[in-house]
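Listed after this line are the structures, all set down as structure tokens.
Below, subunit A partners subunit B and then partners subunit C, in two separate complexes.
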Partner chain A sequence: MSTSTTEPRAAGADDRSVVQIGPFHPLLEEPVGFELTVEGERVVAVDARMDYIHKGIERLAQQRTYDMIPILLERICGICSVTHSVCFCNAVEDLLGVEPPPRARYIRTIIGELERVHSHLLWVGLAGHFIGYNTVFMWAWKYREPVCDVFEMLTGHRQNSAIPLVGGVRRDLRVEYLPEARRVLDELDGQVRMLTEAVLDDPVLAARLRGVGVLTPQQVVDYGVVGPTARASGVATDVRRDDPYAAYGELDWQVITAPEGDVFAKAVVRLLELAESIKILRQAFDRLPGGDLSLGIRHVPAGEGIGRYEAPRGEDVHYVRSNGTNMPERLKVRAPSFTNIASFQASCIGASIADVTITLAACDPCYSCTERTIVVRDAAGGEARAVGDLIARSQRETRRIAAELGRPADLVLPAGGAR
Partner chain B sequence: MVILQRKELTLAERLYLPEILRGLSITFRKFFKKAITRQYPEEPLPKDEVTRGQPRLVVKDDGHLACVSCGLCEAACPAYAITIDGHEVDRPIEREPERFEIDMLRCILCGFCEEACPKDAIFMSDELELADLTRAELVYGIDKLKRPRSALQKRIDYVYRINDRWRNSSSTP
Partner chain C sequence: MGAIAEWVFHLLVFPGVLFSVTLGLVLVWLERKVTALVQWRKGPPLAQPFWDVVKLFGKETILPADSVPRAFLAMPLVAFAGAGVAASLVWLPLLGLAERPVGDLIVVLYLLAMPSLALILGASASGNPLAAIGASRDVKLLLGYELPFVAALLVAAFQVRDVDGAQVSAGTLSLEGILAFQQQVGSVLARPSGLLAFLAAIICVQAKLGRVPFDVAEAETEIGEGALLEYGGVGLGLFKLAHALQLATLPALLVLVFWGGLTATVWGVLAFAGKVLAIVVVVVLVENTNPRVRIDQALRFFWGPVALVALVALLAARLGY
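So, the complex of A and B:
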């Protein structure tokens, strides 16, 4: 999977060279290193180097109580803060076998969809910026601003709501503000429609983005790609529909897909999802039920739980193991970008360098979500830290732990290694 | 590579000037619209009772802190930002903080301290600006944290309101 620079060059590939993108690069919002092996202008291999912003949050979470952890997990990612805290709550509720009260589920839906709206608008703006089309950047971010203001006026903070709680929500939304929030949504609806039409009709964007970074449905399945990146290749996967949490099962909305699989399709899927999110938000505002906010969970028994959540970037998975104390014994976060980043192996090979930059950004990768491990290169042992090595290492460890625990065979991966 | 067919331009479009004027008319109209940018340091940010700013300590009308240094906020703080040392006093509340420090570099403005406090002594203010030249200056002691009750009244009313709603939540929508 990885192509190291020290490998002997293949015959006939004397004109190969390596282009570094990152760890600090205008294209990247976060530090991550990409190593493109190119033949002339054509990329023949991609590798990523991570662990620049490892924060050790999983370890910290194992030293915090169940009430504190959602607040800590909001800090995993700058954009999907609701995602990680609600996903953790889903995991613990799975362990407990309970479902939060209706009002709590609707409040989670509202903050989750507001987050999706501002995250997708952020991506559309950034995508415009990456291809040098700063008008799109300015307009999309202009529309994002009122959404962040609504988020603040409902929860008290622009990003970190501090609302999710195991078994419900911690506080009520500021319901006095809901009519104003609805007015902002009405305004946003027209603006998003205008932005969608402008992007769909724009000949420059079409010429730049159509046919770039194509992922076929087969590759999507092979790499386990999730979220809008998979839906843009015609694979209709959405946790909100497949395994409904919060109030999604009771609301009327659609999973947006596009058949093409290129960057343009990814932009279209995200823009159309904005309209769906606004639809969900309006329904949730209308139907917001009364009742309790929380189940008042006082004790988490020993056991295991898995939480799923459709983040703006795809399916987020949290695993929690409790030993009956007030702190979890283990918390594992599998962020959506973890699988999406691996798909660069499929979408970037054979493209030109200029196309690769926008393809790397097209799955809206979030590196601080993804970095769950740190491996320092040691001069004697030569411990590698490229993505392929890390995946191989994680599979090796999984097999070892499964063997140690004597777990069922379905947990043990096939011996094929990284795909 | 995608080949796009450009659409045929009409006569008005080919004349160039009408289109330029149409574009400029949008520009001129924007002069009279309200600017969407905020000139931040000069122009204050929109704040409301719901805004969770930095935590502040309430000074009661008799001039003493409402805090009895019970340590509940210290225990609830997910960032371990609060340090309290208490001592006994002769007043009816018996204890008050000798040292109450919040490390603003650690504080994540989550509002747990406000929620944990049994004496309504700590509230999230609407103060957001946080800058100084040294780290030590950003560990706020009682001097920097105390505020008269009137300065926090809006937030206190809001917290009371949402807590009432929670208590009666099964009856009200």
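So, the complex of A and C:
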């Protein structure tokens, strides 16, 4: 790897060097740059740079009709395809003030939970790989494979179902495969139980992961951490329960939490959530109601709506503003990793490199979903506008808007400007 | 054949470099195959480790701009040479090929530490901060496992046995002497002290081979192959060969010191092969059922429980247990 460099730092910090994790590194599935400032093996500062894979999907969505957008939004993330498309539908349905028909809500629940199951299994495998436990990596991914197969049987594709639609679903599930799906769930239930017990009982894993990358409940609130990362610190936040969408309000399941806040607790929360997801799926299969698939929405009036969705990584938020045409005037996506990544400031400082790498991975960060900018060069080919400039600029804008609206800007600027 | 020619043959062909490298690469294949089976994969064909080395030897050698070229380029050779000589010094007594005793425990221990020391120096010479972290971890690991490893091996030399009312002990650091002692009174492993020492030694071998849970110096997902980071081409190939040599040498050394060595019958050879394979498979299974530990945990583990077990074994051996 040629990405690592020693850079001279400020005077008085001679014994510090910078370890670059990324933009390409065995720890990362996507390009992202983490700069760890280290003294020996101890990390004293973390900085993240995320402008390698901005896809401009919000802009693309603003040039497409409401019918086409869910299919586009499935491509925001390699895993959370149901998340972003259903979250968008939630937002537009909030704008319209409608609720999709029961069958559509159950179908959204089924594909959403299948996605959570394969996403959590994916994380368990990756986490194993990151701490050198490749057997866990291979086993978890082997268990994940039939789940993706079921997804394909029911929807026609392993990842991107193209099923969510504003006001319902585009197609029915292929119900002839439900018995097979049930069989796979039964098998998976035992496998997940085995995996959970193996992790809980492994003394070396406990020694390696307990007390590592701890987030206190206060830090979770301060940084706005969401999803399993928050629940592993004992903060019981889950959009599925707090603001039920799809069919979650009608089903019996638990919000899993753990009090410790370390990486081990994050693994345990995800493993136990797998069992809850299997429970939800079984109930949804049993109770799948008949009836319409869609409300047949033909027109979206002017207005704005907000959609929330509990992604496998935490709360996803979409904001939609309509001007009455067939395309949204503005779509804003806030993926869960956006808030979770910032919590590295709290969980990584002071730890060793070995602990920081697994802590970075423990919130299951997803970078392509989080990207909001690239480094911009002005048309004359002149100076580059780095991320910091853009943040400073948006902070100025926020304060200007706040002044216009006559509201206080709840914006705390760090000393020395942006970043 | 002159004496010198014979030595060169022993060192470079049999049972030295050529034989041990071949055996080591076959064991590397075994490791990868067993790993694959544990992980529900198919695993590579037998020739794969050989082709890997051939391919590496055909690749360009890249010299990092910040490196110290001489040290950076010499260290792979030092590692390979040390491991090669160690291999022949372990195999010669095992096979009884040398006319006079050649195997000395102290010399073998030093030579077996050569690949690690060379890797530490080479990584430090590469000028890469991640390699420097890997090197510093390797130093700590070396300091951690060497003490219990030496203590455990000494058990074989000092174990006291009761033969016809007389107290006997190998009382020598010569590998031939330890072998002769075991042929007289049975394997060192058969006594409690020998078993304890063997367990401690096999854990140290896990770390000496740089396998999970002690692969901290390379730790791909933390420091991207760490100490080996800047090596490519012939240099990397030589380090891989040195590791293969160690994989062929260390299990054989354990069998020699603790488990009765090799007798020149068909059953003796089969039993010996079985013992070596068993040790390699145990190492591979431990590798595949554990996460990587942190370097401070590894150090605490070796200076704590492992050193304790080895020293208790040494004491017990002296007391006749």
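Please note the rule applied: the second predicted complex is superposed on the first by the 364 of 419 C-alpha atoms of A that agree within 3 Å, B and C clash if a C-alpha of one lies under 4 Å from a C-alpha of the other, contacts with A are read in each partner's own complex, and residues count from 1 in each chain.
Throughout what follows, contacts are C-beta pairs under 8 Å (C-beta built on N, C-alpha and C of every residue); 3 or more make two chains touch, one makes a residue touch a chain.
Bear in mind that the values here come from a model prediction, so they are computed numbers and not experimental data.
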| item | value |
| --- | --- |
| Subunit B versus subunit C as contact partner of A:D355, first or second or both or neither | second |
| Partner chain in contact with A:N160 - subunit B first, subunit C second, else both or neither | first |
| Contacts of A:R75 with subunit B and subunit C, given as first, second, both or neither | first |
| Touching partner for A:P26 - first (subunit B), second (subunit C), both, neither | second |
| Touching partner for A:F130 - first (subunit B), second (subunit C), both, neither | second |
| Subunit B versus subunit C as contact partner of A:W139, first or second or both or neither | second |
| Partner chain(s) touched by A:A207 [first = subunit B, second = subunit C, both, neither] | both |
| Contacts of A:E58 with subunit B and subunit C, given as first, second, both or neither | neither |
| Touching partner for A:E180 - first (subunit B), second (subunit C), both, neither | neither |
| Shared contact residues on subunit A - subunit B and subunit C | 142, 207 |
| Interfacial residue positions of subunit A with respect to subunit B in the complex | 64, 67-68, 71-72, 75, 103, 142, 145, 149, 152-157, 160, 162, 170-172, 174, 177, 203, 206-207, 210-211, 288-293 |
| Subunit A to subunit C touching residues, read off their complex | 1, 4-6, 17-19, 25-27, 40-41, 128-139, 142, 204-205, 207-208, 352-355, 357 |
| Residues of subunit B that touch subunit A when the two form their complex | 1-2, 4, 6, 36, 46, 48, 50-52, 76, 78, 108-112, 115, 124, 162, 165-166, 169-173 |
| Interfacial residue positions of subunit C with respect to subunit A in the complex | 35, 38-41, 128-130, 133, 136, 212-213, 215-216, 219-225, 229, 288-297 |
